[in-house]
Amino acid sequence: MLFAVRMTVRIPSDLNPEVRADLVAKEKEYARRLQREGEWLHLWRHAGKYANLSVFDVADNERLHEVLWNLPLFPYLEFEITPLAKHPSALA
Amino acid sequence: MLFAVRMTVRIPSDLNPEVRADLVAKEKEYARRLQREGEWLHLWRHAGKYANLSVFDVADNERLHEVLWNLPLFPYLEFEITPLAKHPSALA
Amino acid sequence: MLFAVRMTVRIPSDLNPEVRADLVAKEKEYARRLQREGEWLHLWRHAGKYANLSVFDVADNERLHEVLWNLPLFPYLEFEITPLAKHPSALA
Amino acid sequence: MLFAVRMTVRIPSDLNPEVRADLVAKEKEYARRLQREGEWLHLWRHAGKYANLSVFDVADNERLHEVLWNLPLFPYLEFEITPLAKHPSALA
Amino acid sequence: MLFAVRMTVRIPSDLNPEVRADLVAKEKEYARRLQREGEWLHLWRHAGKYANLSVFDVADNERLHEVLWNLPLFPYLEFEITPLAKHPSALA
Amino acid sequence: MLFAVRMTVRIPSDLNPEVRADLVAKEKEYARRLQREGEWLHLWRHAGKYANLSVFDVADNERLHEVLWNLPLFPYLEFEITPLAKHPSALA
Amino acid sequence: MLFAVRMTVRIPSDLNPEVRADLVAKEKEYARRLQREGEWLHLWRHAGKYANLSVFDVADNERLHEVLWNLPLFPYLEFEITPLAKHPSALA
Amino acid sequence: MLFAVRMTVRIPSDLNPEVRADLVAKEKEYARRLQREGEWLHLWRHAGKYANLSVFDVADNERLHEVLWNLPLFPYLEFEITPLAKHPSALA
Amino acid sequence: MLFAVRMTVRIPSDLNPEVRADLVAKEKEYARRLQREGEWLHLWRHAGKYANLSVFDVADNERLHEVLWNLPLFPYLEFEITPLAKHPSALA
Amino acid sequence: MLFAVRMTVRIPSDLNPEVRADLVAKEKEYARRLQREGEWLHLWRHAGKYANLSVFDVADNERLHEVLWNLPLFPYLEFEITPLAKHPSALA
């Protein structure tokens, strides 16, 4: 089941630089693992912004919540979430 | 070069039903042709809405304009356009 | 899987009264059938408005789309859709 | 009398972690008590967000105010409040 | 139980003038009757606008819905509804 | 001359608790004095929010400014101000 | 007593041209009369827009309402109204 | 003196096609003439939209108003106007 | 050349009181000087708010920028800027 | 390929003045270098604001991202990005 998620990153400028670097590294590792496992289907940067457009392929809403809630940068992220369905004009 | 485009369809309720059916059929044909040719990379329905999330892979801004401007339903579409770039955490 | 849906009804004031009455009657029948079948879990009126708050219990995003798209009043409805998950403080 | 309440949690990132943990624990206890007593009728998580959709069944506006005002996390919550009424298409 | 309601009137400019005059007259009669009966507690014009601020004193949300839904101009009104409670600094 | 004023209170969470308690006490005293003197005509709580709806009866705009500017909590208040006039459907 | 009023003109494109010309002429005459009488203190065009910024000097809110309500173009105007007071840094 | 102007075109779908074609042709002629005369400095299409970003170089606000007001499509255009000044980091 | 400027003051509550008092005094002196010199044509307080409506009469956009940029409170001000032109209904 | 970018600068008022001066100097140097190299085509100040309108001429979305991401003030900038295309009414 697909969900489009736009994430905007808002890390406070006074966050400890080491804490920040650690969180960003963990976020990268987390993103790569979920891509390899097939749940994080697409991950694109919004050109010119600290933001991304992602598409997730998860079992249900519960799993979507779990995946997003456990993002290492979760406290600094704003989400716009859109449930997706098959489009009648899409190729099979 | 990738662009995310959210399209919302607002066909006036007093549009002639035959004109409408014709436009919708042409839109479908147009969408399928661009998907086969590789420029319309993804096409998902927003669940529950007359709207979609599309990703286009085009040569440049000029071609993006041409592709959208020639949509048969163009006069009845609202677009939100986001240029995309490669994300540093995306798998190769 | 639960979704909260806020629906606002915007029927054009120049819609033929008989067409309107027919659509409203079909909408009621449709809503009652889906409630009996268990997919339309809750349906509350927004006090003072031509709008409602609904909770749907559907198999997945595809079914959510199908249920909303087939509402007899669909062309005149605005939707705000929120995927729901279990809350850790909710009683079992 | 029913009210739908959307709550978004905005705890400042510099809040003392012990104070925070204590408030969150008290909030959970408070939510469970009001659910057992029947005033907090529904409590769902917004999938992927630190937010919930709740439905309260209270005697009147005064009691609604009292219930929300006494939430342990009240200073960090944003509310969107909608008075609900019976819908003519709802099953009895 | 008190509710503040801001009403903005948007009568289409092509409404038949006699129909309009009739609706406005009925609206006035309705407003005066509810004021006499004590449910429409306050009614003020927004200076310079076709809009008003009203305070209703009704038994519950169901009655609030009934009162607003039956306004003769209901199809042309936009409502902003706020449930009110006693303020701790208000004089008894 | 009547003005409706919606006030939303936004006291920073790091304000010294004694300073805060002192300001809140002074605000209450100020509100009660102006109610007794007849300029603060109505004061209602927005149910569930740290906000109120007030109606002031003042000599002119200058006095409205003076009354609001001198609120002890003024630096932490957001105002939405609406000049009111007599409504043609209001009872005398 | 001063009020700043921003007016935006939205005349429907299908209004009868003669009716429109007549309304615009009456609006001009009305504006000039109130300027001569001293109540319409300033009237500036928003450069590039069918909109203006006006300052009125009226006795009270009732008179402000009367002045705006009687504008010949009233049904096609949107107003943003701001009560003004003397600024402490303004020259006498 | 420079002004950035974003123009969005909203021609009603029921406008007579000949009238429309005539207006669009006149708009093009008008735009080309002002470009040749040096007042319409830049004119770019918003990729994918019926909208443009223009930069005008005019004598003053009066002339800006005159230039925009006389656009053949003026009744169907929405403007966002920004006065520009020299940037301290711009090359001479 | 006239510009309407709405200024909203947002001084952080933790600004050093002496620094603040000094800035406010310099702002007053600056405003009075520009009024005497004829560039700051009007200065009104928004009744009940820490905000003002000003009208400036300056040579061009460059000078408008210079005047606003040099306001002692500039870092704490939000501006809404509107270029003005002569209105055809204004008295000479 | 052209992109219009509106940048608004929001430097926190508690940023160390030397750090700030250093960043602003580096930003200026960076802007001048990209202008000389032809990628930063236009750079105008929004009159009266700490903001600019820029037009970039870059190879593709990837390069746009690189150029903006490396702005020394990037963490304090808000961007509004618009892909541009040739306008049919623009002179060659």
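The chains carry the letters A, B, C, D, E, F, G, H, I and J, assigned in the order they are written, with residues numbered from 1 in each.
As a convention for this text, a contact is a pair of C-beta atoms (placed from the backbone, for glycine too) under 8 Å apart; a residue touches a chain by one contact, two chains touch by 3 or more.
Given the structure is predicted, the values throughout are model-derived calculations rather than measurements.
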item	value
Other chains in touch with both subunit B and subunit I	H, J
Inter-centroid spacing, subunit G versus subunit B (mean Cα positions, whole Å)	44
Separation of subunit A from subunit C, taking each centre as the mean of its C-alpha atoms, in whole Å	29
Whole-Å separation of chain centres (CA-atom averages), subunit A against subunit B	23
Residues of subunit E touching at least two other chains	2, 45, 47-48, 61-62, 64-65, 81, 83-86
Chain pairs in mutual contact under the definition given at the outset	A-B, A-C, A-D, A-J, B-C, B-H, B-J, C-D, C-E, D-E, D-F, E-F, E-G, F-G, F-I, G-H, G-I, H-I, H-J, I-J
Subunit C - residues contacting subunit E, complex	13, 45, 47-49
Subunit B contact footprint on subunit C (complex, rising order)	5, 12, 15, 61-62, 64-65, 67-69, 75-76, 79, 81
List of subunit F residues in touch with subunit E within their complex	2, 4, 27-28, 31-32, 35-36, 42-48, 52-53, 55, 82-91
Complex interface listing, subunit C residues touching subunit A	1-3, 60-62, 64-65, 81, 83-86
